[in-house]
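See structure below.
Chains: A, B, C and D, in written order; residue numbering restarts at 1 for each.
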């Protein structure tokens, strides 16, 4: 899984959230592994592969240990993928994990979080470890067995003692 | 295939068309078999099954003999499935067959053409014979072998002599 | 479907039959379309694709009009695909259509019927029309929609009047 | 994964081996995780699901850390699944991991190793940890994500210090 030199995962910059009564931040998930699924609702590969895989992750792992979070990283067809459209999509596809909308950057082609994570497109699966470090970033179709192994590897890590004063 | 007593297919009542430089009417297809695929862009069964099947029909059969026509029959989430959204969807899914937007009926829950054809939901596959008669209406997932057989059956029909004055 | 100039289908030369209380010959099927599925029980493409397709043909079409017949055309690993092995295979895969064993030719690499039909390997799907003529021979994976259309085309053919004295 | 109270995996009792120049024993794999795939060559669920999954395990994980081993546990149709038939099967399906033939027990319906492991049928996936303990036994179709997670969990385990004199 060592695709990435381990570094703190960039904070998310999001607008509206769905399936959550409040905005979520990385710090909310400290102590859990986070599977962050970046998608666009009109991206065929996301609909056919990425989103069903995110749902399988959410079903397989104990939610107290693994959090699945969606990130709607719109970088094209903005007029067709606004909040009302995303709400309808979430309802039709019966998605239950929390989904945040990545903030548009007025100065760039990509929304903020997508750019901060260095994503190349959608779907992208990001894994963040129990200490909040970015550990995997995978663009496109990733096979289930590898994803299962990668998440379990992060779950098995000892969390070092971190004194807090 | 004899699901329906044979009757003239109701005329379509459509607004905007995509992948066509002009509105299309049933009469444009006289002499061809028409596979009319009614869908909504945010309907999961349409995206996973119905639309790919419509594309397979378009690839398999000679377009001079079988016309594939899409009909966007929106009856829910109207705000998310307007023309701009549909245009983005068509582009992302690389649909090349002509697609008309079924006209909304201010007095009813279903758009006009959907109601006129007695459709129960989306996806629905309709087959219209070379003489413009409604011959099949199938809601949900229909297997490819049956669809291939139904279309070939209509192609094999003799067109009776129709004197025109 | 015009892959083959239409000619009388060669007679089958078979040994043992399964799922039939007597050997079957082409003449037994005159008036019906025959889908002849040539396979080997240890051929991965047959097991994954060809045989399931033959079963779908058998389920979809009226058996009074379309007959599905299996032909075990062994040309390799003879010691592993004898009658006892085939019987076990038929039972495990719950095949119910009649299956004949193509006769080995002591002088050639291919069994008799396989050679007579010009088959290149397994799986091969052969379609024989209502008059006993060979109309299609397709090696490898053939998509369901095309197979459905080809069979329906043969079903739709008028059988010309053939006086018998 | 805690389906089984952890106990030493029973030794295998095998006859002929394929894809190995010598018989293999559990002790040969100490220090590695073993994915033992029990199958019968004429079992449809093995051919469609279990064996392809075993091949995916072999492709995904480092063979220095995870060993995939096949076990041919014949308990029916013995006449059709002898060594020559298995050799043909292995060749046709291009299996490259070592495969041992479970020894028949003259006194019981199941071969020895199958009985010793308490298997209920085929396919069965067994996971053995780096210390040779039986950790998982799963009958039927197991999803890839879970299998990946289970293997990675065993890989992540610390192997306790074992003094050897």
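Definition applied: contacts are C-beta pairs under 8 Å (C-beta built on N, C-alpha and C of every residue); 3 or more make two chains touch, one makes a residue touch a chain.
Nothing here was measured: the structure is a model prediction, and the numbers come from that model.
Listed by label, the chains touching chain B and chain C alike form an empty list. In terms of the stated touch criterion, chain C and chain D have no partners in common. When chain centres are defined as mean Cα coordinates, B lies farthest from chain D. Rounded to a whole number, the gap between the C-alpha centres of chain A and chain C is 51 angstrom. For the pair chain A and chain D, the distance between C-alpha centroids works out to 35 Å.
Chain D has no residue in contact with two or more other chains.
Chain contacts here close into one cycle, and each chain has exactly two touching partners.
Touching chain C in their complex are the following residues of chain B: 56-57, 60-61, 143-153, 155-157. Contact residues of chain D toward chain C in the complex are 42-44, 47-48, 76-77, 79-81, 84-85, 87-89, 91-93.
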